[in-house]
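Report on the structure given below.
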Amino acid sequence: MTDTPTSGLSNVETTVLGADEIILNMGPQHPSTHGVLRVKLKLDGERVVDSECIIGYLHRGVEKIAEHRSYQQFAPYVDRMDYVAAVSNGLGYCEAVEKLLGAEAPPRARVVRTILTELQRIASHLLWLGTHALDIGALTPVFYCFREREEILKIFEKYCGARLTTHAFRIGGLQYETYDGLEADVKRFCDDFTHRIDEYETLLTENRIWVGRTKGVGILSAADAIALGVTGPVLRASGVKWDLRKAMPYAAYADYQFDIPTRETGDTYDRYIVRMQEMRQSQRICLQAIENIPSGPIMAKVGKVLKPPPGEVYHSIEAPKGELGYYIVSDGTTQAYRVRVRPPSFINLQAFDKMARGSLVADVVAIIGTIDIVLGEVDR
Amino acid sequence: MGHLIPPSILPYVLPVIYGVVIVAVLPLMAGYIVLLERKVMADMQARLGPMRVGPHGLLQPIADAVKLLLKEDIIPEKADKLMFWIAPLVSVTMALVAYSAMPFGPAFQIADLNVGLLFILAVSSLGIYGIVLGGWASNSHYSLLGALRSAAQLVSYETAAGLGLVSALLLAGSLSLKEIVQAQYDQGEWFVFSVPIGFFIYLVGSIAETNRAPFDLPEAESELVAGYMTEYSGFRWSLYFLAEYANMIIVAGIATTLFLGGWLRPFPHFSDHLPGTSVEIMDGLPAMVFLGVALYCFWLAPKQPVKIQKIVMATVGGLCIALAGTMVAALFGPEGVRLGVYGGFWFMVKVMGYLYAFLWVRFTFPRYRFDQLMRLGWRFLIPLALVNLIAVATAKVASQEWGWYPRITMILATIFTLGVALWLASRDAKQEPAVEAAGGD
Amino acid sequence: MALNYILFAFFAVMAIGSSILMVTRRNIIHSAVFLIGALLATAGIFLQLQAEFLFVVQIILYVGGIMVLFVFVIMLVNLDVSMRLVQFNRQKWVAGVLALVLGAQVLFALWVGRGELRLPAPAVDVSPRNTEAIGQALFQHYMLPFEIASILLLVAMIGAVVMAKRRV
Amino acid sequence: MAPVPLDNELVQHLKAKFGDAIRDATLDRKQAIVNVGAEKLREISRHCRDEEKFDMLVDLTAVDWPNREKRFDVIVILYSFARNERVRLKAHVGDGEKAPSLCEVWPAANWLERECFDMFGIVFEGHPNLKRILLPDEWEGYPLRKDYDILKQDTAWVRENLGIESGQ
């Protein structure tokens, strides 16, 4: 938080538009900060000289709560962090605790988990595309994206009853057997998703104004990206070909063919292209997965009361925003001694200042959009 | 109706009546253009748009108007009261004054100035004051930035749009709007076909002049909240809104008059008659259009869920049939009435077509950044407009003095200008990264 | 004809009134607006003399172009400092004397020409019309001065850009 | 499942270079953990980044063991693209002791260390601007410490800033 609760514009220094800088406050209530993020911009005319992100408005103390809940009880809290990709949060946590227990989810559970996580990745990227295009002024894509996302949320609702914070997985496997229409629904969604995504591409990819607004904006070089610990599409757009699903396969990713899109210059346009490709790859994974969902049990024998032997584990998955990691320390009781979440949005947002410096005010909005942050995960 | 009023004061009374009609109809028309915009936007975004107020949202504009009237009218505490009150008035009056020279039909024109076009340009350029003073008076940082940006944008795009118009003027040879349409009738060809580049420059310039997307920087929601309109609310805000839509209709009217042949029928010289009557086939078209709409309304009426909506839809259907009837009656009526009614119809159809292009552009393109907008204006549009002017002038001289065939010279001029346009675009494309690297101008 | 006189009186009062107000206002923006009022009034008088082209050009150039830049600059420059400066310094007497001399000259000129102080009858449709007349004058009879003036303006513009460039 | 002592070539390199600063190395659930002395943390990290190619700082956090004399474990998780493997450095830091900041080695550590300070009160010396990142600046107490009760900790701040009783 800041030192003095300054009202919106009270500290507009000296002349209104004189030579020296003015401080412009964006947020915490601002149409395009994707949540309660406040950005303090020091402007010289239209150009950003310095920026400081002030976060913490949505801090709920999730890690403190984890120390007062049993492992199963904490699972729903995990969905509330990155509420746009709740299923992948759940997958990360469940797999981390399974590793802590030394248990392994049965193959059927692993395949269903992969399908739902890839659908969630498409949904998260769709929401990103819609709001990002809206910030830059294209009014139409947001409605197309939400129409597609609605299909995915319907599948989630049919499977586990919830659309957003799904709590779809349990430690050790799955709670519910898949409803019999799952393969058909996913097949139908994937089939008509191909020409839907072509629709977005025709609308934006060669659009001169879109290219003008995104090319060369918010450039992040590969070296800076690695140094700043940035992961996910932002890192891949800067030219680093690294994806946890390939590097350290988890769930059932080892059995499927998909490739990792990367680009070179690491500007907003490249991140847009990388995420669009990623949606196509996720769709490809889903199609391969629903071919043969192995039969068999959906829950490993982990018993009702979980008492993992003392020790610690770090397990991370490739969430839509980047590497989502869980560092869990157990002291042998039913409640975790310490749960630390490695939030991709929080660390990616740190790269904002390097990207925004030297750009124009209008680009700040595009840069916040391109990092694709969710404040629930940034603040935890 | 001329004989009712003593002829001596007729030239004074008629314009007043026309004026009252325009000022009365305009807010209604602006309201329904807003509805049209929301419906078209919804259609392009796979949704339905306003459906709740009246059948298919037909009464939505009235609801909006009432809401705006009832809204609390907040004046910022340290605002410059006089300027804050005057600014929206300046905007609306300038927008309405510009209608005085607009030829809605051969007969329906308030004042046929022989500098008609320049007068409209002059008055719409005064509209900037409404924005600039409004931004300054509301004493808030955001609105000042928005006002300065929109002033810079308007001033620079006015030149581009003006030069685009001049190329059409070259062919018409007169500034009076009625004579321009007459010239298009005599030459038997709309100017949009002879000077297409002038038309497109004017199209882009006019979108920028009325602060419409993709040039709607001044009220770009994401950065400057609502630009110069941030501090306005209630009826004062709706004045700005009315001014924006009135400006849109003016700009569409100018484009129709200059490039799309004003009140001329699509094929004015094609005049073979319906067998056995003095009616030209093309004139039957409007009546058919209204009949089609009426049938569609009657087909929809029983489908409406609520009884009241059935009645309203039926009345709308009835209204269309009545309109079709008047069109047919006008066919057999006196010459003046027929010209007036048909001229008005075709003028409105073209204006609506032009506005549809505005709406279409708004929903497909993202927003320009301010420096890109300025670069497009000064580095691409204005030079292109100048080159186009020179090309059309030489083409005209070539066809008149050296006797070349006019159509050929026009096509040559267009091709030449297109070549220059491509060169300019490639220069800008090469230029762009360099400018970015140099930290921009 | 009566309407003509009423209109002329209206424009005259508007011109004089707004120029007086312009000078006496403390807020710069208000004086800029009154200057615009004065310019519009002179445009109205042009119209009365059947010089439509001048009327329209006056509005486009003066009010639509130059005054916009005036208001633009007023907004950009910081006003609080200049607001507090004393507007009237102590040369009241010198100004008074000068005003009297100037007033006397104007009155004398009016007195001499009091015979013809009436509005010209509205000319019948004289051809070539106003716009063509100005066009021919500018581009045929006075071609050379027109070109020299435009070059002069060009030089001034380039000078302004060069000076502004350095500071940016 | 119990942690097993680890002795791969990475640990040998570290022991060769830093001697007793490397306390011990274990393998817990097939993940390498290296206990290091807090005072040498920055040199060891720089060595890992440059020689051992651990070029990405995945995470930096802490765990509070109140009943130990050096109560905090500062956990640094590194990842190497070339070798596609992770290592976890653990440094014991006492309450009130200063831990060396890794900002020069990885800029990513900036916010991570600020969060550690915000939640545990561990001061990282050499950090460019160490102040709270998630909680309001004038907040007393460090929430993630074990002795920080989860209930009734925000009453003072809420009453003072929001003027209402917490928990309403």
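Note that the chains are named A, B, C and D in the order they appear, and that numbering of residues resets to 1 at the start of each chain.
Throughout what follows, contacts are C-beta pairs under 8 Å (C-beta built on N, C-alpha and C of every residue); 3 or more make two chains touch, one makes a residue touch a chain.
Computed from a predicted model, the values in this text were never measured in an experiment.
Counting C-beta pairs in contact across B-C and across A-B shows that the higher total falls to A-B. Among the remaining chains, D is positioned farthest from chain B, on the basis of C-alpha centroids. As a whole-number value, the distance joining the C-alpha centres of chain B and chain D reads 64 Å. Separating the centre of chain B from that of chain C, both taken as means of CA atoms, is a distance of 31 Å. One inter-chain figure worth recording: chain A and chain B are separated by 44 Å, centre to centre, where each centre is the mean of the chain's CA atoms. With centres defined as mean CA coordinates, chain D is found 24 Å away from chain A. Contact of a single residue of chain B with at least two other chains is seen at positions 144, 148.
Of all residues in chain C, those that touch two or more other chains are 76. Looking at chain D, one finds that none of its residues touch two or more other chains. Within the complex formed with chain B, the chain A residues making contact are 9, 12, 16-17, 22, 24, 31-32, 46-47, 133, 135-140, 142-144, 147, 203-204, 207, 209-210, 212-213, 216, 358, 360-365.
Within the complex formed with chain B, the residues of chain C that make contact are 27, 29-30, 33, 36, 52-53, 55-57, 59-60, 63-65, 68, 71-72, 75-76, 129-131, 168. Chain B makes touch with chain C in their complex at residues 80, 82-83, 86, 113-115, 118-119, 121-123, 125-126, 128-129, 132-133, 135-136, 144, 147-148, 151-152, 155, 158, 175, 441. For chain B in complex with chain A, the residues that touch the partner chain are 41, 44-47, 140-141, 144, 148, 213-214, 216, 220-223, 225, 362-372, 432-433, 436, 439-440. Note for the complex: chain D touches chain A at residues 1-3, 28-29, 31, 33, 55-59, 61, 63-64, 75, 77, 81, 84, 86, 88, 106-108, 110-112, 115, 119, 132-137, 143-144, 146, 148, 150, 161.
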